[in-house]
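Next come two complexes, and both contain chain A; in the first it sits with chain B, in the second with chain C.
And then the complex of A and B:
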């Protein structure tokens, strides 16, 4: 089986070239989830990233985390300024490129929960939809039945007004999994743990020469339609950015100095008074 | 574009086992307020439409009407009972594009109807993904985590959208969202491309997902009348192979209500997360306090040992809009700057002490005592002093 992993960079609200070039924490968890598929099911892993950076440290970390077989970098000035749907279009093309190279379809595509900067959580499900894959979000664990070609996944649903919900869901492959921040893999047999160690060692060595593995694609290379990507392909624009209006001070704080022993004493006295409800406000 | 192409606001309702989630009525409330104003300003008859999917949910229609819906489009069938993104996405898109349904909602202009004008979803574990896939299918724009909405006619000049020309976009939904830091408020617009040299394209519906708790429901009116419209979707047999095997509530193990004191922390831990959280842990123990966190801490941005991170850096401890709303007798908070998102969760605390290195941090404005300093320096001093004063009390 095969699995891909997508790490996405800014959603257009930020200047890409000034954004730190490293693997975001959510994307890292996505590569860990892909690594689980490698160890347990012998998956071949392709990692793709859309980024303005030519030498991509994010891809190195991804390779080291999941022992990736293929690294893709999608880089073109025309990708810039895209909102989530314009970004999803490029990454969809990226996954299709991976599939073309492998001459087979992906079984699972992983993404992080959210990009750390844009913070919308929309890109993953939109790539899934464009690829026609069943989308499973907030996945905290998963397993594959290779014979039945199904995935069983546990999803954590956070909803306001009710306790958290854990949903167990079964879906035929292929699927798109957006991994929950709380995901952690467990290898419960000795042989899996040994093989994990083996892959980790291999990953570490490979990632020293990660640049050798990187294949870079521009718009033409991906065959992405001009009108569907970048600013032109984005329905939304950022119209205005302002500081959140500072509310009126609702309390009039007494300002004390944390390095002054007397002030520390006053604070602790206030703690005790507050707890004995002696504070008159 | 004609007057009838894009009409109404469709609100996607969420419920669990036939019980409405509060955000559903909040979204309806905001849609009602916006559309009462919209209809009088533009002399139109556009409607607030609740979209309701599930099984054995007929009883919810009346509640939705009392809370502001003009119409409820309902799909009450076992195939849509479970929360399965793929099935719900397809059914909602069918509803959005169905002219017959639009004609039942409002006969005027119904034959020109193409799509809804606006669409609202909840920014939660269901709506966040559902809105993304629905809008990917409808190929239109989506803003997430919205907490303010305004409808207006805007004079826009944009290099791509208008080719630099000034064009007035009528009935534009200004969607305000707070970014990750909590201090920048961004206005997102979903606009047609009206650029003859580059691209001519209409984008509808203008859509957003809305933060639970951001808006108020309206006062329910049992006399309000509305239409209930049954919709029969086409369901792909293939999609029924996706099955929910089980769905369980996990009781939230973090209880804030039974503690007099809550000790909170935020990004101020960053220089030494492990060490700082241990200091917090000890301090909270001294005060028999529950420990809360600000949202960024739950996002795995800071690293600590598994023992610490799995106990403290978890969503269940978040105080704020996307977590708990607390009101302890005493809230002591370290290294939290005071983003709106956090403040709305703690402002009802009876007494607030904040510790922050930045004297201008907004948390100061919601504090009774503001102690200037870095948490790693101040915490040991407070702990020490607390021990001393407790001893004094005991000696007396």
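And then the complex of A and C:
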């Protein structure tokens, strides 16, 4: 069974081995955000991916994008059929594994805005919750104060009926950042640009034999509990997939004549009304 | 403020040569390139020469990049160089291979996008050792100087920074030259406008049609009726598996007799000889059955697209010299064709396949090279310094730019050693190096040996065709006894006075037409190319549009701006109700309109990106 590019097993779980394996666009933006920390603050980067594929193309793209130091692949038959919380458990264990290897806690954990195969956007917050990290969602830019050990971030908020709001916040490290799709890093000095170019070159070379950098962990290797992962650990069952029905046009169009001054007056009034409705009082 | 030793503005072949040379000399330099990827903003006609002048020394591409001949992605080494005079279906061809080989190690066809990318790779590796490198996506906005004479560079993208010296390699429309007042904009009498299309053709078909082997290349030049009465001509160069076909005309000749630049390309494509050379077999698809459900139609389109892609790949491979199992590949190709025909009713027809359209202005070094190519601690190189060589069929630019880049790098390295960046120590020294360069000498003086080769090639041309205008000169030039005297006299006169006599409609239009009519052979073709609309040509290019225009209109009520809708190679201009309007999206950054507008290069990463160049 399949809808769009998403495949399902007969039991209604996602068939991830048939769903096309690549780095999702949102995850790619998360790796770009991590690359920013590498260039600007000399961060070490570990990338983790739960996947049914042994040869993991997603991790290659991740390597090319962020010049990672470590690539983790979490692969075990028992991970299959996981919903968001089952996935979050595996990835939490993955982060803890990375921390064990580095012998220190993570400062920032990045996730994408949402997955493109599951489309729910819950995995990030759930990992943050499981790790006990401060969760910052919809982040469009961030910077770290290394001395104060804080992060300042801009968040893009979309509230119904209100134009886009950018909220600026400061939080103590460590944090979990779910990166907004509109994130784009910007290096504003020659030295940062030069080191970005150097890391990009290194990333490209490393991505050519990315397999060398992959460490694969199964359930046992991660020390994940059977009851919290995979199908067993997943309360969600997909029993039906439907297209979002097309909404009926609710536009109230009116044909106006540009050469008629009265019509122009009407248009101006209408625009004024629309604008005044948009002002937050 | 961050401080660096040297900034090179512009990542074309000249700027990259400067970076490579400075790195070879152990100096720190950074290249600022406006394109998002090195090479994406570069376009050239397509031949890079390596020269061995009788007197003096030049740095050739293979001197600077030692692995050039083994590793660089150049296209083909030119082995045939032919000038064609055209009149309708008649063509008179003159073999100028000897003129091409004159003082040359080799001349190879190139596509700047991939070649500059390769240059950049070599230069970057060297530059990293000394804390330099290449920064793409950066557009320089202004340059000022502090009290110590250090240059402060402001860009649209980065914080300001300080450098000791600058090498300006920002091309024919050098904003640096204009903003600091080093020179005024080049005017139409000093410029050529070039437009070019890249046409796809499999490697072995090129070999067969041009009678060359896989490593060899042919260069064809055209004059006569294909010029549509303009001073200049057409060219056709063979690349590995594409052809570069272009039209290069003197800007003031275009101004006198305005014509849409792309019609000059079309005139060339429609010449029967060219038509025969560019045609290829292409699949012709039928529209899917409209009565089928939309999803079904979409699926059919995808299937067709995939089959055609496979067919193109397999066919391309079949016609390469690397194809090891021609019979096996041919069988696959046949089966693909069978599937295409049987499943989807695809037929095969004859067409030419245009992959890319582009344009640029080219400086005529005889008329516009900077006498003093420096300003304070800025040195100008290549096109930015106006250094293109156009002497009859001798057309060079890339090699001159590379040599300039190396000379500028040497001068800057010397200044760094003495920590003296004054005009007298840096600028004057560089200016002297450039002055002594054999390329500069060639731009100033007529070389009688080169002329002899050219005249020998033209020995069958009846003297009455040459016309009364320069009959006596030609007679003298053709005589071994008098040539020396004639050239001495000509050099006393100087290029300034001679050029108006040589670069005329007679030379580029009338004489070639007469030659073709009287001596030419009839060439017939079965293929009559359909004109590609300019809109279609532009829509194939990739753009990253800026939300603000890089061109600002000034007064449009002048003769130049009235002609601009015809002169702009991208048709960005139109006249509406007597007013000139501009749509800057779709601009090729060529600078044709910069004469009478406020013109800037697009900001970093913005504007057109060429894939071939």
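What we mean here is this: the second predicted complex is superposed on the first by the 226 of 281 C-alpha atoms of A that agree within 3 Å, B and C clash if a C-alpha of one lies under 4 Å from a C-alpha of the other, contacts with A are read in each partner's own complex, and residues count from 1 in each chain.
The working rule: a contact is a pair of C-beta atoms (placed from the backbone, for glycine too) under 8 Å apart; a residue touches a chain by one contact, two chains touch by 3 or more.
As the structure is a computational prediction, the values presented were derived from the model and not from experiment.
Of the two partner chains placed by superposition, A:51 touches none, neither chain B nor chain C.
Contact with neither chain B nor chain C is seen for A:207 once the two complexes are overlaid on the shared chain. In the superposition on chain A, A:27 makes contact with neither chain B nor chain C.
Applying the stated contact rule after C-alpha superposition, one finds that A:240 touches chain B and leaves chain C untouched. With both structures placed on the common chain, the touch criterion links A:75 to neither chain B nor chain C. Judged by the number of chain A residues each one touches, B leads among chain B and chain C.
Shared-chain residue A:189: touches chain C; no touch with chain B.
In the three-chain superposition model, chain A touches chain B and chain C at no common residue. Listed in rising order, the residues of chain C touching chain A in the complex are 2, 4, 30, 124, 128, 131-136, 138, 157-159, 161. Contacts from chain A toward chain C in the complex involve residues 187-191, 193-194, 197-198, 201. By the touch criterion stated above, chain B contacts chain A in their complex at residues 14, 16, 19, 21-23, 83-86, 89, 124-126, 128-129, 131-133, 135-137, 139-145, 154, 156, 158-161, 174, 178-180, 182-191, 193, 198-199, 201, 203, 212-213, 241-252, 260-261, 287, 298-301, 314-316, 322, 329-330, 332, 339-340, 343, 347, 350-355, 359, 362, 364-374, 377-378, 381-382, 385-386, 389, 393.
The part of chain A that touches chain B in the complex is made up of residues 13, 25-26, 29, 83-85, 88, 116-117, 119-126, 128-130, 134-138, 152, 156-172, 178, 181-182, 227, 231-232, 234-251, 253-259, 261, 263-272, 274-275, 277, 279, 281.
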